Amino acid sequence: MALMTGEQYIQSIRKMKMEVYMFGKRVDCPADDPILRPSLNSVRMTYDLAQIPEYQSLMTVISPETGERINRFTHIHRSTDDLRNKVKMQRLLGQKTAACFQRCVGMDAFNAVYSTSFEIDKKYGTHYHENFKKFMFECQSKDLTVDGAMTDPKGDRSKAPHQQADPDLFLRVVERRPDGVVVCGAKAHQTGALNSHEIIVMPTIAMGPEDKDFAISFAIPMDSEGIYMIIGRQSCDTRKCENTEMDVGNAEFGGVEALTVFDNVFVPNDRIFLNGEVEFAGMLVERFAGFHRQSYGGCKVGVGDVLIGAAAVAADYNGANRASHVKDKLIEMTHLNETLYCCGIACSSEGAPTESGSYIIDLLLANVCKQNVTRFPYEIVRLAEDIAGGLVVTAPSEADFRDPKLGPVIDKYLRGVNNVSTENRLRILRLIENMALGTAAVGYRTESLHGAGSPQAQRIMIARQGNLEHKKALAKAIAHIQE
Amino acid sequence: MALMTGEQYIQSIRKMKMEVYMFGKRVDCPADDPILRPSLNSVRMTYDLAQIPEYQSLMTVISPETGERINRFTHIHRSTDDLRNKVKMQRLLGQKTAACFQRCVGMDAFNAVYSTSFEIDKKYGTHYHENFKKFMFECQSKDLTVDGAMTDPKGDRSKAPHQQADPDLFLRVVERRPDGVVVCGAKAHQTGALNSHEIIVMPTIAMGPEDKDFAISFAIPMDSEGIYMIIGRQSCDTRKCENTEMDVGNAEFGGVEALTVFDNVFVPNDRIFLNGEVEFAGMLVERFAGFHRQSYGGCKVGVGDVLIGAAAVAADYNGANRASHVKDKLIEMTHLNETLYCCGIACSSEGAPTESGSYIIDLLLANVCKQNVTRFPYEIVRLAEDIAGGLVVTAPSEADFRDPKLGPVIDKYLRGVNNVSTENRLRILRLIENMALGTAAVGYRTESLHGAGSPQAQRIMIARQGNLEHKKALAKAIAHIQE
Amino acid sequence: MALMTGEQYIQSIRKMKMEVYMFGKRVDCPADDPILRPSLNSVRMTYDLAQIPEYQSLMTVISPETGERINRFTHIHRSTDDLRNKVKMQRLLGQKTAACFQRCVGMDAFNAVYSTSFEIDKKYGTHYHENFKKFMFECQSKDLTVDGAMTDPKGDRSKAPHQQADPDLFLRVVERRPDGVVVCGAKAHQTGALNSHEIIVMPTIAMGPEDKDFAISFAIPMDSEGIYMIIGRQSCDTRKCENTEMDVGNAEFGGVEALTVFDNVFVPNDRIFLNGEVEFAGMLVERFAGFHRQSYGGCKVGVGDVLIGAAAVAADYNGANRASHVKDKLIEMTHLNETLYCCGIACSSEGAPTESGSYIIDLLLANVCKQNVTRFPYEIVRLAEDIAGGLVVTAPSEADFRDPKLGPVIDKYLRGVNNVSTENRLRILRLIENMALGTAAVGYRTESLHGAGSPQAQRIMIARQGNLEHKKALAKAIAHIQE
Amino acid sequence: MALMTGEQYIQSIRKMKMEVYMFGKRVDCPADDPILRPSLNSVRMTYDLAQIPEYQSLMTVISPETGERINRFTHIHRSTDDLRNKVKMQRLLGQKTAACFQRCVGMDAFNAVYSTSFEIDKKYGTHYHENFKKFMFECQSKDLTVDGAMTDPKGDRSKAPHQQADPDLFLRVVERRPDGVVVCGAKAHQTGALNSHEIIVMPTIAMGPEDKDFAISFAIPMDSEGIYMIIGRQSCDTRKCENTEMDVGNAEFGGVEALTVFDNVFVPNDRIFLNGEVEFAGMLVERFAGFHRQSYGGCKVGVGDVLIGAAAVAADYNGANRASHVKDKLIEMTHLNETLYCCGIACSSEGAPTESGSYIIDLLLANVCKQNVTRFPYEIVRLAEDIAGGLVVTAPSEADFRDPKLGPVIDKYLRGVNNVSTENRLRILRLIENMALGTAAVGYRTESLHGAGSPQAQRIMIARQGNLEHKKALAKAIAHIQE
């Protein structure tokens, strides 16, 4: 079966009977909802670009197993080139959407489960890897979008899964049947759930023997019985319902997050990839997180490119583009953004094969990558607001601008350089607002902090991977210390 | 006449016939509009606290001229204690509103015009100072809120007022009559205009001889003929119309900004404080900006206190308050916030008398203060988002939470520590969202950057006030350099 | 007795029989040693400036007790003006020496012991305060320089005083006699010991009941039997012995640190200010540290002024002074330096009376002050090196420059702008080197980190003084949270 | 001919008759001078490691032209793997020397001249590339160390070469002869000159038509007639003459810088690689600088590894290694250091072939790499000083420590955890001092700022390579702006 076109993808999602709630109501057709649609458009871009010859080598791969051309998002990395191309594809998509295009979690889950299931099978003689490959081939051949679900609600952060007052605060097996298991729980902050055909569920932390029922990984269709989503509010979400293209800033693309509830959901045996082998929960988490921390060195860089460009356009329109401090701020933004890219590329090119033959990023550098992502986008945003000027948060609405009385007044007073229309000036400021404070700020700022693990999670990994003992030995050798 | 109560203030504003537009429509009664009302409540707090004995010494002053108790916002600083108390009052109000309470611009304009008009009169034998004092006494005795309007739209930033394609891009005198002048133009980003009885207009930059018509300062009532306001959109502004207290984060207080247009507005002679004496435009700007840069070392610190507190509460509710990295982040937030306060206090206690006898802050330190304000709130916000967790941008709406089916699910899955209600957890996260990305972020972030002058404006002043020649001489003396 | 002149001070120190060791040898006359002399010159400046009418109001005070004019370094602060003037005096001295002038520790010890001894007496009916006042009057009337000694070697940082393998790692009473006590131990990093007439010893941490013998404070002359000093090496210390003025950078002034050993030293009863009242050890430490953290908001700012000036001169000599990035870096240096000053001033003007009537700084802000001092000087140094250029670390020696063959070559090739002599260019670069990497870097960098307590010590105090509970209450009020 | 052993290398340098001056005197045998010898040892490490099988694949390459095994420092990069291995080799050498090993400039000059000379020849039909290859083969077969010399003294920074008061401030051709040219001038800050067999001279900036005589590149032996060096002073340089191993911190390795003068030096035609083709000066500079900016993403990272290790050892010895703030600071140091490594790796793996077939790094990312190197080592140093404690700058000399009276006292009082010898504690602190303020600080700090071009030079390149127009187009597309 061929790669889907963007339009085919939209139709395929439209056909699914997902259970989605927002503002206290069930959403009839998410694909047509003005708040949700932009997030679907972002995923669609992963299909559209795959159809364009110019981007084919980045967006698609010839499957080493089947010889068919598949979307890179469904591919298992086979080399460091694959890992680097992943990052480049993500930067490209960030540039084209200025938003989260959501399909990465599935790709990262694919690669984490692929290699981990291989190692579980090796130890226990289970058939998880086979299960996964079957699932994977199906996704590849049907060109499906897959969500990867890791983050449990977690409740009281000072307690382990089995210590929580409510055991469902970590997703778990509540019933074991001959043909499969029944699970209960929820996954928080799910960015792509809504726009995915399938969902891969993984545990969220390393586990001990008493957490056996929480050590579960599987994949099922998003419209399986018992799954439903409650959409999270984003800053400025309802602007998208106001019939204003200008005020939205980015009228076409966006992201969305959902609390995804699993209310006694049945999982058949052949879709299970981990089931109680607690000591592998940590490996699965570490690998998924590692891949996903790499991802941020691509996608956020692409979004950053748009923001830098927007700030530069705003400077042009303000007549400030030749001021040395403005030029210097654009350099600083570029410098910070490319530093993130360096980290994304470096953890990729330093990747190595796993036992399964698939390639994994360098874990230390991937964590370093993400740690920088928790910092630099905030400074890039600050600089963008600096260059844009106060008008970025005080401009009147499009309704005012279209008003016969007020429009000409706004046009007169909010014009920057005389040869640029006030509308264009307002449009670029709204885009900056969108990325700095609006719907896209959720993805570019807060998600940069917490997505793929909060800052402290990376610091723990950096401590673990940094090989301090080796560094101590180096220092003692230089200082001629013998103990 | 006595100080107004908060309620009297509201009624006094309600009585005015201001011309206000929003979303393409005239707002009938701004005082009752859900989007605008919170900003009125913030100003009201300056009246309410003045009535409370505990705060009397900070909020009010015995006028040295009349012996009457007046609100500090209408007071001319007579000592460094006055200057410091101003900052402390502002911190208090920031703590009580978590928003911009708007009345500072008037106070800062008062103090700038008072001392500058004295010096103009001294040079030119004009009567601006007398004009101003008459106006001032009226404001004091009636306990009025006064807006201070400085920022012109400015058009092409690379051009002076008289070089703009449209001369109205800087407010100017278009007609000179025996009884006064007629002005045209606009003032951008006016935070308090809507909730003020009077407005003091000032020029926005130092000027040369060819800018004579732009060198104009005066005060008139906000409902004067020809004045109208177009309200700027804030991030998440319309959430306030959704009948949700929770989702708004800060249901009671806020700020608002308006493009304030002067369409052939008449100004009587006795309300004019500068009229063509171009060489004093710079002094007026410098002093107003100086006072206002000091202000930010008070108000933003108070708002910061609330955000630090909110982050600490969120940590408690997440069960993460004993994690050493969380404690350390709260220390860092406190450290940054108190550094801002140090700057506000220092420029005050290093203040000095002007020729008129009123006191002015140390200009170098006031600019240093504001420069830090353009940086630290952003880092404080980032740390608050870090501590809060991703839920701050992905929590479902109050409508979902109140829904009979979804509510219990949300209550179950979004609970943190077991003994705190999910509602309270969501409330504190919404407050953080409000300050980090929502309506209050406009004031706490972007306004911290651009209010009272953009970062580069402070750097120019720091260069000018830093006395580099003295420092060079110190270095040469130490290095035994003779030239 | 009148204030001493600088020369009288030198003679008074020369007369003392201190036991000083350096490079494995006893130093016969420290006052004439080329490595040690510059540190004496720095203290001398505190006497010299006190003789100059221009600086009298800053450098001296009329004693409220005796009506005599005394040096401010021996004064007990009686007002917030006193506290601010202290900081200004310190900035002045930093500007005049570009080094540590050492006399502050005594002043800060004075003020800490004065108020603490008052409170001990009040509780226990002891006579420490009287003892101290007698000692103080002597120091004031004789215009003595007093060292304040707090930092014990501390040994294993994870252990309390009484848990150390060697009990002497914290200074302690080893014998109690009717006429006094005998102490053993050492105080590390003593900057002024060598150039002081007297030394005030204080405990270094808060203590528990089992630390009674370590809870001791007293004052004795620096040449008391049993006291000796081992001078610490500074970066580039021996350059001062090379007979090169140029290479030293700052030929006249410097600081020095000594490990000061107390080998069974007798302390008479009337010189004891604390003796076993363990619960007051913490108060004494907290107050001394508070005063000393304030001090850094003065002295380091003065030194910073010299470094900023030196960088500006270097830019002039390089012909780079009009480059916008150079101007911007000088602004940033000034901004950071003045931020430190703001903190020094603010914690002073927010000071308050102690029970004894003396004034103490605001402890929260003093700790914030010092915390910034642990950061900004490093960035100021980095920017100075940036502006100076690589030559700051690669310039040939003065010996090369004075050589008949090499001198002209160096003169030719290391000239910057043509109208400035190469010698002057090298002199200013050597001054920058001195402050960035040489003897003065010890004081301006590392001492800024660790002097008056390491960074983490301030963070603990900021946590303790920051009143997080109040901030939480503010946030809950705004979020309408009732618990 | 085989690769040289370290010892053979030392002998080969010893045999050369270089003219070296220091402290106003000619140095008879630089290889035996205590100040200079450590820098020779650092270069030697590039030979020693090449002999060790474990490091062979990193340190050596099979020449694609001759099939012989050559040292990587003499290799022309043929792939992105070569580029990455270069960085890894540099990190290794930084780890083994904690200093500048100097041989990189030659390697970077090799690669810059190789590709640029190819393009000059293509345009002009010259034979520079052939000249260079002949020279290169000689260096490879003899395993020579080559210096690369770019930085001219530059005089007045606001003037071009031909505008300087003294034309020699940029190295230039003063005579053109049939068999070659005669040059005059100097190259500043030459780190490896002293320990190199040959030197490649290159111009230092892009040039215009009037700078023809300055557009010269060539290679000659370091002991050619007319070349002499004046050694620059480093912080703490003379400690190496004091017969103290401990106080030096790093007794074995170091770097050194020399002002290298070319006093009418003859260059034969077959050693010339550029001669007046002014438009290629910029390309040569840009490529050399690019390669050298990449280098810093390797060597400084290795040095950083040692410093991180030293800080960790110091924490162990202080008994502070379990304090959470200490662990967190070690994580931050690691994070910053690995970020630099990411940049070094990324600009390598994104390299591309030049017209000559050799590989060049990605120029944007290489400049981003170096820009970070101008910042992070300073913060790493600050954190190292923080962890080490004040003793790092106040410890007594080894002479004191070895003294029969003082030694036991120091041993007693400067002991940290009881089971580590005071000597070892002092050794590790001296190593930190060495890297933070001493001889190695010259290389790790100031050279990180200015080596391979000062920070502003990278910013200009980032601006030029950042493709802002593309970013603007991306933003306009998202904002639906049509112009």
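Each chain gets a letter, A, B, C and D, in the order it is written, and its residues are counted from 1.
Convention: a residue touches a chain if its C-beta (ideal position, glycine included) is under 8 Å from a C-beta of that chain, and two chains touch if they have at least 3 such contacts.
Fair warning: this is a prediction, and the values are worked out from it, not measured in the lab.
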Chain copies touching (chain B, chain C) - same or different residues, decided at half shared: same
Fitted rotation between chain B and its twin chain D in degrees, CA, nearest 5: 180
Averaged-CA centre spacing for the pair chain D and chain B, given as whole angstrom: 52
Centre-to-centre distance between chain D and chain A (centres being mean Cα positions), rounded to whole Å: 40
Inter-chain centre distance, chain A versus chain B - centres from mean C-alpha coordinates, in Å: 38
Contacts with two or more other chains, residues of chain C listed in rising order: 325, 328, 459
Of all residues in chain B, those that touch chain D in their complex: 324-325, 328
Of chain C, residues touching chain B in the complex: 80, 84, 95-98, 245, 249-253, 305-310, 312-313, 316, 327-328, 330-331, 334-335, 338-339, 341-350, 364-365, 368-369, 371-372, 420, 424, 427-428, 430-431, 459, 462-463, 466, 468, 470-481, 483
Chain C - residues contacting chain D, complex: 21-25, 151, 153, 155-159, 165-166, 168-169, 186, 188-189, 230-236, 238-239, 242, 247, 257-259, 261, 318-320, 322-323, 325, 374-375, 378-379, 381-382, 385-386, 389-397, 399-400, 402-403, 406, 409-410, 412-418, 433, 436-438, 441-442, 445-447, 449-451, 454-456, 459
